[in-house]
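As written, the chain order gives the labels A, B and C, with residue 1 at the start of each chain.
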Amino acid sequence: MSITETKKHAVASYPKRYNLERYMFFIQRATGIFLVSYFYIHIFIYNQRIDAALWASIKTAFGNPTMYPMSFIFVTAIMIHGANGLRLILTQLGFFIGKPKLPVYPYPPSSIGKAERVILFILISVAIILIIVALGEFLFFIR
Amino acid sequence: MEVVFKIHRFDPSKDVSPYYKQYKITIDKGTTVLEALLYIKERLDNSLAIRYSCRMGICGSCGMRINGIPMLACKTQVSMLKSNIILIEPLSNNPIIKDLVTNFSNLFAKHKMIKPYIIRKDSELDNPTREYLQKPNEFFNILQFALCIKCGLCWSACPISSDNRYLGPFVLAQAYRYISDSRDDGYNERFDIIDSPHGCWRCHFAGSCSQVCPRGVDPALAIQLLKKSITTTKLGLKKIKTAAPVAPPLTEVTRKLDVPQPPPRTVFKNQRDSTNER
Amino acid sequence: MEIIKHDLVIIGSGLAGLRAAIEASRFSKGKLDVAIVTKTQALRAHSVCAEGGTAGVLRVEEGDSFELHEWDTIKGSDFLADQDAVELFVRLLPSELIQLEHWGILWSRRADGRVDQRPFGGHSFPRACYAGDYTGFAEMHTLYDTLQKYDNVKIYEEWFMTSLLIEENKFKGITAIEMKSGNMHAIKAKAGIIATGGAGRIYSFTTYSHTTTGDGQAVAYRAGIPLKDMEFIQFHPTGLVPSGVLITEGARGEGGYLLNKEGERFMKRYAPKLMELAPRDIVSRSIMTEIIEGRGFKRPDGLDYVHLDISHLGREKILERLMSIREYSIRLNGIDPIYEPIPVRPAAHYTMGGIHTDTYGATPIQGLWAAGEVACVSIHGANRLGTNSTAECLVYGTLTGRAATQYALSQSSYSNVPLDSIQMEEKRVFDEVLGKEGGENPFEIKEELRNLMDKKVGIFRTESDLKEAAKEIRNLKKRFKNIKVVDKSRVYNTNIIGVLEIENMLDLAEVIAYSALARTESRGAHYRIDYPQRDDKNWLKHTLAYYTPEGPKLDYIPVRIIKWLPVERKY
């Protein structure tokens, strides 16, 4: 074994500021708060149906194409939140997080290890594909 | 190499609010942050308060935020941080006592809540005869969680630790360590405290605790496994484990050793040449 | 100031302290009101740094026996150990090990699920139970966790003991500074156990934690309790250069080699039979001889070293059994021992001496016990065998915990604490020490002391060096009177705690230098170049050092020999 190769093993490792899952946690929180508030606003607006005149004006207001991006943001949030949520459900049931084992320096954590990253990327990719499809739809509508 | 240490200072008996004080020092290649801080404390400013002990990363005293990341000062080399200004702050989510020292009593109280000891019903527990058997897979199942030094870095890194009632990563890791110990029989006694809104369900798996853990404990893994265990228990799918049995007497000698005999006695008890004096 | 009342006060939260607290709670069935006073947080004691293992006779079927363990210990001690104490100690050990196992420690196991044992220096049988190479850590955390079972124990974390309250040869309590508020309190107790550990921080190149400054010994010494055999300081052969971090003897127990510059296993010239697994004093002297004779590797800062090679053990074994030392050498030196040898040199590691106690850990003061490294029973004599230190903490923690409980339960009422001495102590600390406005930086005095001890009271000692050291220490003590305490605040004042620690270190350094100067022979860890032979005719006796304001006054007591007369010690 050459010296350069041995030296490669012997480098101390330091944690980064935030890991990917930590950013996902923020995104999950943000989309979650957005979706819950969206839900309440949605209920509130639909409740205006009892007043027919008001309801008609609301319908025209929301029928305006300038309101479409709002719906697009809603779809994006729901996709990301859903994909990440699915990952969380799977990991909480013990899938994709590895098994307890003998820790070997520099102690890479298995819970945020390879398997978990792969499943995260797959689910997020699916979400992004769906978002792109949705984007196409919305662009079509706007035209 | 010249480095500026920007250190969080706060003395509640005279300061109204915390402030940062800068110290410029020269460091060598291998100098750790703790060595640098001790140099500052012993040569430049004796009043700096830090908590430190073993300087080899096993006692867990010197946890602090270095450039914003919770790390053990003794485990971190200054030159590896690749920065000329190093920001030193106390761990977050704990009350600050002074400068870099925070109060851990809340964390240790929570640690006590999860009953971190072997619970068994047999009388063997306190009247030992022979060891309980423990197979290699049972051993490796909990080994990494037993390596926790309770330094509090995970608690500082966790985004939901601002909920002061949350048990916290290392406490839950210890809960998992004890309930899955093959010798333990106390799963039911610990169930309620773990399965509470402030127990393992408060965790949202940001993984930061595992990211900063200096010992490879991976608390996030332990917490997810706790959630799995509780879910399967509630669904009635969990296999009920029986506590490990006591090892039978060793009948078959597997190791052949060349053991010397002690030399014959040269003094006998009645010749005791001095008394047992106090 | 406040006077707090407890039945039993335990000073120190290391292995011995925690074990004593558990035993007191268990033995009294939770009735005894126990306080643990510790200057660090309870889990941060130096005991966590122990790595190699804990010895105990578990496998009689495979050829081990109590007599053999006794003989190894006594021969290892260079026949200065009290043999009745060794006999007791060896017989109580196995149940302690199994008890720890029942409390949840993860001893490394054999494939069939039984506790495994590894060979260790000076032991004729592989009898060291181990948990990887973090044994002390595993034991500490197991005991701390088990202690959570009992509600009758109150832990005073970060309280610094400043003095013992003793009246008419009877223990009354202690005074301590609560670091968080900065107030002095008195704890009044029926019985007390000192378990504060060793004093090795007075050396510069050492494996000790920063906090191991011998406070227990110094406080007891000033209270009039004699210190026994303080000249015997163990140097561990393998301290990582340059930090001094401990590289466990288990590395050699598993089969590691010590190599000099020429790549030669030099131990064959010093201990042909046991090679690297000779007792620590012999290996340390051999390494130093190699270095002095120019066969070590040079370093610009003077910390010349030899190599410890474990690369031939194979990756699996190192990852499983020597994981922490691998981590330390990667992190601190950038060396992965799987591929490269580790640079090591002898480092101050253990204080064989300590507070004078009888076979059962009782000090000459009624109601006061001492357990663990702070005490000198003496089991270790002139040189401790590896793995016997954690073992001593467990056994004597149990013994003293039980004895102190019995004593405390038999005392019906608290006797009054001497109020004037509490007030005097408060005045001494907060008016005199805190108010010091001289010109000296106390931490510079500490640095000088530590370098002095390394240079003059190290592995090889001579009369002229020791005399000079004694003079120099007196000088430092004089300078210490003229220090400046910068931090005048009361809250978590580490400045004043540091100053009190340095005061303790200076006292102990003086005792060590004087005791070493008086002992004109070479025995175990105490090696005099001018007297290289062991002298059983004149020196088969323990040193006792008594405090006087002018300096230590030495006295001697005989060694208790009940089984084996001293013979030549060869490995």
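Just so it is clear, a contact is a pair of C-beta atoms (placed from the backbone, for glycine too) under 8 Å apart; a residue touches a chain by one contact, two chains touch by 3 or more.
Since this is a predicted model, take the numbers as computed values, not measurements.
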Chain whose averaged C-alpha position falls nearest the assembly-wide average: B
Chain pair with the higher count of C-beta pairs in contact (A-C, B-C): B-C
Averaged-CA centre spacing for the pair chain B and chain A, given as whole angstrom: 33
Rounded Å distance between chain B and chain C, as computed from the means of their C-alpha atoms: 23
Inter-chain centre distance, chain A versus chain C - centres from mean C-alpha coordinates, in Å: 55
Numbers and ranges of chain B residues touching at least 2 other chains: 75, 77, 142-143, 147
Two or more partner chains touched - positions in chain A: 12, 102-105
Set of chain C residues in contact with two or more other chains: 327, 331
Chain C to chain B touching residues, read off their complex: 26, 40-46, 48-49, 59, 61-65, 67-68, 70-71, 84, 95, 98-99, 101-104, 106-107, 109, 111-115, 124-126, 134, 137-138, 141, 145-146, 148-149, 157, 180, 182, 209-211, 242-243, 245-246, 324, 327-328, 331-333, 358-359, 362, 364, 441-444, 446-447, 485-487, 489-495, 498, 557-565, 567
Chain B residues touching chain A - in the complex, by the definition given at the top: 68-69, 71, 75-77, 80-81, 140-145, 147, 159, 204-208, 210-218, 220-222, 224-225, 227-228, 231
Chain C - residues contacting chain A, complex: 319-320, 323, 326-327, 329-331, 334-336, 338-340
Residues on chain B engaged by chain C in the complex (per definition of touch): 11-14, 30, 32, 38, 41-43, 45-61, 75, 77, 97-99, 101, 103-105, 108, 111-112, 115-118, 124-126, 128-136, 139, 142-143, 146-150, 174, 178, 181, 183-184, 247, 250-251, 253, 255, 257, 259-263, 265-267, 269, 271-274, 276-278
Chain A residues within the chain B interface of the complex: 12, 14-22, 24-26, 28, 88, 91-94, 97-98, 100-105, 107-112
